[in-house]
Amino acid sequence: MGSLHEECGVFGIFRQAHADVAHDIYYGLTALQHRGQEAAGIAVCDTMGERGNICLHKNMGLVSEVFNEETLAGMKGNVGIGHVRYSTSGGSVTENVQPLSYHYLKGTLAIVHNGNIVNAGRLKEEMMKEGEVFRATSDTEVIAMRIARMRAHTSCIEEAVKEVTKELLGGYALLVMSPRKLVAIRDPLGLKPLCIGKITDGYVLASESCALSAVDAEFVRDVKPGEIITIRNGKLFTDETLCNNTLCNGSQAHCVFEYIYFARLDSVLDGISVYSARFQAGRMLAESGPVEADLVTGVPESGLTAAAGFADASGIPFMHAFHKNSYVGRTFIKPTQQERQTGVHMKLNVITEVVKGKRIVLIDDSIVRGTTIANLITMLRKAGASAVHVRISSPPFLYPCYYGTDVPDSTQLIAKQFSIEEIRKKIGADSLAYLRIEDLKKTTPDLPVCSACFDGKYPTETYDAK
Amino acid sequence: MGSLHEECGVFGIFRQAHADVAHDIYYGLTALQHRGQEAAGIAVCDTMGERGNICLHKNMGLVSEVFNEETLAGMKGNVGIGHVRYSTSGGSVTENVQPLSYHYLKGTLAIVHNGNIVNAGRLKEEMMKEGEVFRATSDTEVIAMRIARMRAHTSCIEEAVKEVTKELLGGYALLVMSPRKLVAIRDPLGLKPLCIGKITDGYVLASESCALSAVDAEFVRDVKPGEIITIRNGKLFTDETLCNNTLCNGSQAHCVFEYIYFARLDSVLDGISVYSARFQAGRMLAESGPVEADLVTGVPESGLTAAAGFADASGIPFMHAFHKNSYVGRTFIKPTQQERQTGVHMKLNVITEVVKGKRIVLIDDSIVRGTTIANLITMLRKAGASAVHVRISSPPFLYPCYYGTDVPDSTQLIAKQFSIEEIRKKIGADSLAYLRIEDLKKTTPDLPVCSACFDGKYPTETYDAK
Amino acid sequence: MGSLHEECGVFGIFRQAHADVAHDIYYGLTALQHRGQEAAGIAVCDTMGERGNICLHKNMGLVSEVFNEETLAGMKGNVGIGHVRYSTSGGSVTENVQPLSYHYLKGTLAIVHNGNIVNAGRLKEEMMKEGEVFRATSDTEVIAMRIARMRAHTSCIEEAVKEVTKELLGGYALLVMSPRKLVAIRDPLGLKPLCIGKITDGYVLASESCALSAVDAEFVRDVKPGEIITIRNGKLFTDETLCNNTLCNGSQAHCVFEYIYFARLDSVLDGISVYSARFQAGRMLAESGPVEADLVTGVPESGLTAAAGFADASGIPFMHAFHKNSYVGRTFIKPTQQERQTGVHMKLNVITEVVKGKRIVLIDDSIVRGTTIANLITMLRKAGASAVHVRISSPPFLYPCYYGTDVPDSTQLIAKQFSIEEIRKKIGADSLAYLRIEDLKKTTPDLPVCSACFDGKYPTETYDAK
Amino acid sequence: MGSLHEECGVFGIFRQAHADVAHDIYYGLTALQHRGQEAAGIAVCDTMGERGNICLHKNMGLVSEVFNEETLAGMKGNVGIGHVRYSTSGGSVTENVQPLSYHYLKGTLAIVHNGNIVNAGRLKEEMMKEGEVFRATSDTEVIAMRIARMRAHTSCIEEAVKEVTKELLGGYALLVMSPRKLVAIRDPLGLKPLCIGKITDGYVLASESCALSAVDAEFVRDVKPGEIITIRNGKLFTDETLCNNTLCNGSQAHCVFEYIYFARLDSVLDGISVYSARFQAGRMLAESGPVEADLVTGVPESGLTAAAGFADASGIPFMHAFHKNSYVGRTFIKPTQQERQTGVHMKLNVITEVVKGKRIVLIDDSIVRGTTIANLITMLRKAGASAVHVRISSPPFLYPCYYGTDVPDSTQLIAKQFSIEEIRKKIGADSLAYLRIEDLKKTTPDLPVCSACFDGKYPTETYDAK
């Protein structure tokens, strides 16, 4: 798949007895790299040193491109936050790369943010009317500025964070580094994931649990929706006052797309394993969209786990039908379209032996524009597949996301433009079925989810935010 | 696994009506990148232009690092050869990067080579005694020099190639580009793979069939062991005189490790699909080393297909138990050993949900030093696996390869030093079984293979070559 | 010399009929590169397009490193500003790289600044007390924030600039780009240079006149101290209200070090050619510090022009005694100190033929630590010079600069620690003389200068600013 | 000027007691970088270690681009040779980058070469007829192959070198590194320069004396034309047998262009200082082409020294009229021709103050195509020069060089196409005079020179070599 993008991953760490957290953050961000590949940044600070002297390094590129041993070695501190970013809107790209850092009366403040605040535009407009000046175009700066402003009226940074988040509507996992503390907050709806890990001399906060093992941290628990975590002197304090934030009536709405596509297979979010959610989706597809076939396969990597689930439920054996060339990366020179279809073959190639003469169930997590799946079906048929039945482990994508997922314009969403039967014809499948919304919800049992992208039921006012 | 390395992949193309084969070779080499990641090179020539004006570009690095659009655009020609290389021995690294190109009385000659000539040292010594001077330290230059010397006494380049190969002992897939022709030869034993593809205006020659789809070429057939292929004016000519080369008594000995590890899953070599050979190996392991377990998994990517075969034969379900982080690449800053075990977690992480409380069959293609598998077993147990049974889809690796595989010193081969039971203890497995040699041979039915690395039965004199 | 650094160069352009000013700014900044080599940036905007959509690109490095053809091609706009920077203090390096850009109620605002505001710390403290939040640590942001804040209370951007600059004390050449205008202001003392150039369809503003020829602009005149220039619709408007700013009692104090060292030889600042100022300094040195010698030479490049002047006044012939190796650049691997003195020889080497047996007058623009000149004298003696008389074309450097020149700590200023006779001995010269302050002033006739670094007479309150 | 290029610089070093000559060579090559900027390479060897194990690193680019600290640190050896190269003809660029290294019966041999062998083509043809095979297209390989072949018939490497050089016709400064020795030979005509330096524990050989100071070596003397130097065990041996080589009748013909343009100003070649030769050329121009003027200036850097000489002889004062921007380097984005003349201004800019209203004598070392000088004259006039008299410190360039200087095709040589008066008009000068050949010879008194590029009198048969 690959046309939907999570916009960020965040990682924070506080170590009481170790001044080299930059390397830790480097490993943590590498484990979260799938959440954003366009920019990366790290800010560290020494809580025992000069008040709030932030060391910040960030740039466009992958974590491994932005940082080298020399850069990391130069960043000394026992507390720090890091960020990987997918894309930025607005012309001033560089200014939006996170962490953002600020200087104000109370010292310094650095911030990273995954998510989107739907009323950020309104808040920003208000602040502008009052004369506020912004450098970034992102909603992250709106939050940071409000926190810094609020700080004058509160006794500590975590109180300022609390007051500000009372006004925020949307999805957010925020890490704020002040001269002495690391503060985290997760939106009261629980739209964006954030979890806590324990290391010998402190704590780790990360978008996904997979980043904890990167620093040998032990998973403690998820941050509760609306909970404010403060780490000071290596100890963790919690404030659950906002957990029943009236802005959202105490309800929760965890982003279901984290399970379908965004999160890493080995992460567990809010008690539910990403792997099992996908596996279950595959199982339910087998029940709601059964088909006679010789084998089940998935589009690597996004469709493999649901394919395994489909196989498990249907009794049709799972097989790898494609080989993925991991050397076709970002610097690969793409073939010109006029010449030939080489591009598709380069990245994924069919294993003829597996598919020849077979009726195939092909699973992917979603169809955005439909071009990739159409090409794969053509390849399978050319390799001798006698039938290709497509099963999609999520419902048709119909509505925009206002909480931080970068989706194509709705004119490009095939499901918005065509009926399922029309899509089937367009992509050349023998049959096509999507996961039913009611089944989707069963993949994350007992967890209230936001599935607005499928059903248009937004858990907050949306303000037509982008 | 990852400690055994194929030393090369070769790709050649002759197009009668198209002067931009450099791009084709770029795609072909990218599809063969798994056969060598340390250096890459392309040489092209215009058969209709000035006699033998070779345009050559090569350097250390991946194909995508060595070439960019500008470089490729500057390489004009309708015939060309390319090479990916794993490693070079000797101090003069750059001089050994292929293609090698030569100027002599008959014009020019460029050559690429996958394999190793066991009597190259002797031939080189002889030639040196006669006064010959070498620039590279590789056996490839020995071959090239002999061909060029021989050319004076033959009517055409293919005859010179034939005469020279009569003396060569070992494994080789050779491509020779002369001003007007592309000549290929495969060693009479068939140790090294080489196949033929057809494009509209010419032919392609490649180490593996997977490289044919990269240029939309249709698979024609494998080059026969000992066969000399000549492409001239876009037409293909064959000479099978050496197919029963007396040097090897007409016998064949296809490298079995191509099927176990080297070749790409979607390639078909000498009529046998790599996928099915690995799948069969897994099936046979299930028969020879049965075990009660809840799930079968494989070490990504090398053990996945055998694991699927084991699952198929045993009825124990196949599951992905590891997530592989594709962002942990060559520039990743590795954690220092003293600090922690982060490195293992970074590249592969266990999907706890899958393994918790489960008895697991873990499949890999081989054990070289034993450290990686030991780490993975530790990770599985930590994630709650109640038992870990290791099955290896090849026999114990006991003997050096003299035909072009770069293997560790035998003092580092765990199977050379310890009994299977000792290895089991060292890696911490509940049980350990290897594929039996007799079963290995069944994975490539009717194909005479070289399995010298397992049984020490070398198909040629070895001369203690390295 | 090379231990004193100007901190910045600015360049702005407004073209009514051309949307590719990014290239112009690239050329302009390249001509100003001597004013700052650590970072560079360009911001452009389309005055006829969407309101204030700034396109900004900046990074650490030389102009030619930060920008390539692709980057420039992507920056469309008919108005723009650029900046080269020497160094940044504070930990958050990246955030200080200019242009800085801001979003606020009135649209956008981008700013570049050469100079230093001595009361910036006080202004910042005040603003912080009122709750203001900063991202950069530089005084540039203080100015920008104040302008943006002020803009709410004024009818146009130039009025806001005017109101803000009324409070600023120090040296500054500021360019402010608003959605429709390019505004420039020079500090009322004229400490920092800024001039106006005319191109067919608009105007150029640059730190030095040498940058005008880079874009084929014709020199119009210098911006007057305290003058505010506004370019709108390709037309230039001026406001001289602040030219007699009461903050400095209408007096002027042009930085004399621009003439001695900073500015490019081919620039004319405030009507005085840098070349002639240096030539005159050399002439006066010949009068105040005469000596019998066979030839006059200068340390390349900084001392060459004064040497020519000394030669002219003394009648002693000028000769090039050193060859400068232009390949010893930033990536050159410096020899370790323990091993040998290679470093000195690498960059500058004596032309033995010129100096052998000769009594030499060696001119440089200043002595900071004294190590370089000592090495050069040693080299000259080793090459056979019979006497080396050092003449410095500026007075001894004794006081810190508060207006934007990055000078070493006073503990490192040799003239602060030692008498002239002691310095002479330390550097090993036969005689040593500095330019007298009264003579220095004659090098810029009729121009009131700031020579605080020599005499400690600061033209403003200094507040111990850094 | 800048359109004539020397093709190479060589540097060799033998240290008895130090295993890190790679750094030394790095410094030496940096000092010789002006002799070639397209490729660089170093080969080192340990004379006390394994027999002839060469460590070689080379690539396209400047010395500082090809080598970094890590590369150098990995090159261990007490003897080594290095090379900087200007350009390569032929398609196989990489294969020609030096040092070239070879393996043969007697061990190894590495070679670097500055110059051109006019009968290399004939020798190569002969060798090819005998079956020899070449990898490079350069004449350097022809020499190397002959030496290696010859070595079988001689008792030591220096004898082989001697035998081979007996057959070579042309200009060459050759360094040959064998497992135990460093051998140097200079062509019997002395066309190419080569000198000897002494360091505490060994010797240095370099194209120019300026490279000696880069490693703190003391100048010993020039290698005599035809002399063979052998360094073994840190001691220097000489063989002058070929000094009166019959191939050139014992005559000498030192390349006069080394003095005019190629060599560095601070070098002394064959007893004559490059500086003084250029200074003398300027003096003689003043006598042969006197003119009334207000000042003399030179095109930086090539014309400055002759300008000083002209000033000295004529009494007209020397002034710097141009500022050269050292930041306009290889990665500078050049302005498109259509747009404007910015390119000229970027690199060199007139110092108006100096030239306004003045009659100027403008000196350069040569005119190749005439475009640059024409642009400079336009700039001078635009800046107010009332007259521009051009004086060229060499005679008109009329004949190709067969000894290693890369000159434009004669159709591009302005002096070949037009009379002096026509050239004067084309470049827009008020008067134009060249140095007379008889005067040129006076600039290198008592030194027999090759001035074939001016008078067509080649000191050897030329064979229409290229």
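Each chain gets a letter, A, B, C and D, in the order it is written, and its residues are counted from 1.
Simple rule for what comes next: a residue touches a chain if its C-beta (ideal position, glycine included) is under 8 Å from a C-beta of that chain, and two chains touch if they have at least 3 such contacts.
For clarity, every value in this text was computed on a predicted model and none was experimentally measured.
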Graph distance between chain B and chain C, where chains that touch are linked: 2
Intercentroid distance (Cα basis), chain B paired with chain A, Å: 38
Separation of chain A from chain D, taking each centre as the mean of its C-alpha atoms, in whole Å: 60
Centre-to-centre distance between chain C and chain A (centres being mean Cα positions), rounded to whole Å: 47
Contact graph of the chains (line, ring, star, complete, other): ring
Interchain contacts, given as pairs of chains that touch: A-B, A-C, B-D, C-D
Residue numbers on chain B that touch chain D, as the complex places them: 53-59, 91-95, 100-105, 128-129, 131-135, 137, 144-145, 148-149, 152
List of chain B residues in touch with chain A within their complex: 23, 26-27, 30-31, 33-34, 62-65, 67-69, 72, 210, 213-216, 264-266, 268, 273, 275-276, 304-305, 308, 312, 317-320, 322-323, 325-329, 331-333, 335, 340-342, 345-346, 349-354
